[in-house]
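Structures follow.
Look for chain A in each of the two complexes below; its partner is chain B in the first and chain C in the second.
After this line comes the complex of A and B, so read on.
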C-alpha cells in the first residue's frame, strides 16, 4: 500500500502556527514521525489561510527535505503552488490533484510529464461531486483518455473516486467501493487508485473506527493508495493485517513491526 | 508490428553480502567473495542486473566424515584425516573460492572436541588458506553457544560467515558475529514465515541486513526439492517486491542433502539397474545444486569436486547474458 501521510496541512492548527512562525522544526518533526510510522509519501498542503502559498509551499518542501527522503505529494488547488514545490523537490513527487476538466488537465498533465511526477486524478469536475458509480467512471475515463493521448503513463496515474462523509452521504460508500474495483479495469496497464480516507468519517464521533473499517473494505476492492493519518496506530494495524489477508505481505509473528521497517 | 517484450521492474534489490576481508579491510584473505545485489529474478538479464555470480563453497569437516560413501571420500584421500590439509587441497588443487568448515567433531555424541581444539583449528585453517571461510557448528545448541563465539573471536576481522542461528537459539551467535565483524547464517525449517521472523529478530539485535544470509533448508532431488524451491521463489519475489526482511542472499546446503540419499550412495551391486554409483552420486549432487541456482541460490555448499566442476560450468553459462534477437 502506498501510504500518503496527511498531517502536513495548513488546515491543522499546529501546522498553521508553524507556518506563521516559520517554525521549521515543528514541520520536520511531523515529517519524521509520519515517515517512521510507515508513510510512503507525505502530503504537503499550505492550507487555506496562507497569504503567499507559493513561498509557503517552497518553505515546507525545503524544511521536509532537510530531514527525510520521503516522496512528497504536493497538494493545492492552484497549479502554480504545486509547481513551486515541484521545482525544488529532490525526491519523487505526486501532484495532488487534477479534476476531470480540460483546462485542469491541460495544465497539470504536462506539468507531471515535465517533472516526471505521478498524478492524482479526481473523479469530479467543476460541475460538482459525482452521485454514483457511473458518473465516477465516466470522469475517470476522461482523465485516462487524456493521459493516453498525451503520453502520460497511466500506471503513474492515481484515480480518486471521491470519498464522502458517511453521515451526510451514506449511500455513497458502496458506490465508491464498487468504483475502486472498476477503475482497475478501465485500461491496461491499469491506473492506480487512491482515496482521501479521513473524509469518510468527517463530522462523526468515531473517526478512527470508521476510517479503518472503510480502509480495509477498500483494500478488499483493490485500493492501491490512501491519504491518511499514519500516526493512528489502530488504523495502521488494520491496514497491515488487511495486506496479510490479501497475500500482499508474507506473514511472520512480528508482522506489524516488519511492515513498519 | 514487432511484439514488445513485457519486462518486470521491481522496487527492491537483494542485499549484497561480502564474505572475507582482505589486508586492506583488516583481514588476511586474498579476496572477498561478494554475493547478492540482484535486481530481478534469477538470470533474467533482459530485465535486471546480476552484479555477482553465485558461488560454490567446498564443505569440509574437522573430523573424518563417517557417513560419506567411498565415491565421495576418494578425491580427498588421506587429507580427510587432517582438516587443514583438506582445506589446502580444496584451495590449491580444486581452486575453491570459498570453504566451509563443519565443526562436527565438537558434538558431544561425535567426539566432543573442546573449544580449544575448535579455536586452534580455525586459526590454523585461516593461516593455511587465503580464501574466505564459512564456520559451521555441530548443531548441538549448548556446544555451539560455547564454541562459535570463541571461533568468531579467533577469526576477528576476517569477516567470516558463521552459522547457523535458528529461531530458538540466535542471540549468542548474533551477538558474537556483531562483536567480531562477521556475517551470520539464519536458518529456518523450509518455512518462509520463520525465515522472515528470524531475520527480524536478528536485525532487532542491531545486525545490519547486509550481514545476514538466509538458509531456507533444502531437500535433495527426490526428497523435497520442489518444496524448498517454491519457498525460495516466493521469498525472492517478496524481497524484490519490497520486503526488506527477506531480501538477503540464500545459502543452500546441497552436499549434505544430496549425499544422504540412497540414489547417490547405494552401490551398483545393490541396484545393478541404477548404473555406476560414482557417476550417479556426482550427478545427484550437481542436479540438486543446479535446480537451486534457478530458484535464486547465492551460495551453495557442496562436497564432490567433480559435481562442483559441473555446477561451476553451469554458473558460467548462466551468467552469459543472452543477446536479444532484435
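After this line comes the complex of A and C, so read on.
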C-alpha cells in the first residue's frame, strides 16, 4: 500500500501556525513522525489561508527535504503552486490533483511528464461530484484516454473515486467500493487507485472506526494507495492486517512491527 | 448480518465443565450474553469430549430455550445429534453442517426440509479442504444442485467457503474472499454465505485484529452471516461500521448502540 501521510496541510491549525511563524522544526517533526509511522509519501498542502502559496509550498518542501527523503505529494488547486514544489523537489513526486477537465489536464499532464511525477486524477468534473459508479467510470475513462493520447503512463496515474461522508451520502460507499474494483480493469496496464480516506467519516462521532473499516474494504477491492493519518495507530494496524490477509506481506508473528520497519 | 454466536461449544473449557457438572446456569448466562451482544442465532456444539452427545445436545437446547428465544444453530458432525436438537427446538434453526458428499446430503437435506431448518453447506468434500476458488465453486455447485433437485430452497442454504488460518495458508484469504463474491451469483435466488470466522486467526498473536479485518473484507464481498464471538467488542464495532458503510443500517450518530439494540 502506497501510504500518503495527510498531516502537513494548512487546514490543520498546528500547520497553519507553523507556516505563519516560519517554524520549520514543527513541520519537520510532522514529516519525521509520519515517515516513521510508515508513510510512503507525504502530502504537502499550504491550506486555504496562505497569502503567498507558491512561497509557502517551496518553504514547506525545503523544510521537509532537510530531514526526510520521503516522496512528496504536492497538493493544491493551483497548478503554479504545485509547480513551485515540483521545481525544487529532490525525490519522487505525486501531483495532487487533476480532474476530468480539458484545461486542467492540458496543464497538469504535461507538468507531470516534465517533472517525471505521478499524478492523481479525481473522478469529478467542473459539474461537481459524481452520483454513482457509472459517472465515476465515465470521468475516469476521460482522464485515462487523455493520458494515453498524450504519452503519460497510465500505471503512474492514481484514480480517486471521490469518497463522500457516510453520514450525508450513505449510498455512495458501495458505489465507491465497486468503482475501485472497476477502475483496475479500465486499461492495461491498469491505473492505480487512491482515496482521500478521512472524508468518509467527516462529521461523525466514530472517525477512526469508520476510516479503518472503509479502508479495509477498499483494500479488499484492490485499492493501491490512500491519503490518511499514519499516526492513527488503530488505522495502521487495520491496514497492515489487511495487507497480510491479501497476502501482500508474508506472515510472521510480529507482522505489525515488521510492516512499519 | 446474521450473527451466529460461537461460544456454546464443548471445545471451550467453561462449556465442557458446565456440561460435565450439568450446570444449566452457566450455559444460560452465555446464551443471554451472546443474545444481548447482538447474536441472531446461537451455535450449539457438544464438543469432542461428550460421552452421550444426543443427550447433551438436548440438555443444551433445553437450557438455552428456558432463557432466550434466539434461533439455534445445531452443530455436530453426527446427523443424529443434530436431529436430537431439532426435535425439541422451539424457534428457528440452522443445521451446521453438510458438505459436498452424497450420503451427507441424503441425510441432512431431507432433515432440513422436515424441520423447516436452514442449512449450512461447506465447500469441502471427503477428499478434504479445497485449494482454490474454483474447487470451492465446484463443490458449492454440487450442493446447490442437490438442493434444487430435492426441493430445498437455495435462499435458505448458507454456503461456507472454508476459511483457513492466515499463518499457514496465507494465499487462501484472497481465494475465500473472491469465492464469497461468486457464491452469490451461482443461482437465482442466490444462496446465502457464511464463514467460521475465528479460523482465520488460529495460532496467531493478533486474533481479534485479524478476525475483524477479515470479517470487514468479507462483508465488502457480500457476506451474509458469520459464526463469531459476539462478546469481542472491537469485532462487533467493526461489523457494525461495515454494515453502516454498506448502507445496510441507516446512519445515526449513535449507530453502534442502535445496531446492538
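Note that in this section the second predicted complex is superposed on the first by the 261 of 261 C-alpha atoms of A that agree within 3 Å, B and C clash if a C-alpha of one lies under 4 Å from a C-alpha of the other, contacts with A are read in each partner's own complex, and residues count from 1 in each chain.
Heads up, the rule we're going with is that a residue touches a chain if its C-beta (ideal position, glycine included) is under 8 Å from a C-beta of that chain, and two chains touch if they have at least 3 such contacts.
Keep in mind that this is a model prediction, so the values were computed, not measured.
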item: Touched partner set for A:148, first chain B, second chain C, both or neither; value: neither
item: Chain A residues touched by each partner, larger count belonging to chain B or chain C; value: C
item: First, second, both or neither for A:116, with chain B first and chain C second; value: neither
item: Chain B versus chain C as contact partner of A:261, first or second or both or neither; value: first
item: Chain B versus chain C as contact partner of A:87, first or second or both or neither; value: neither
item: Partner chain in contact with A:167 - chain B first, chain C second, else both or neither; value: second
item: Touched partner set for A:253, first chain B, second chain C, both or neither; value: both
item: Contacts of A:233 with chain B and chain C, given as first, second, both or neither; value: neither
item: Doubly contacted residues of chain A, that is, touched by chain B and again by chain C; value: 250-251, 253-254
item: Partner chain B, residues of chain A touching it in the complex; value: 249-254, 257-258, 261
item: Complex contacts: residues of chain B adjacent to chain A; value: 192-194, 196-197, 200-201, 203, 234-235, 238, 243-246
item: List of chain C residues in touch with chain A within their complex; value: 166-167, 170-171, 173-174, 177, 200, 204-206, 209-210, 212-214, 216-217, 219-221, 237-238, 241-242, 244-247, 250-251, 253-256
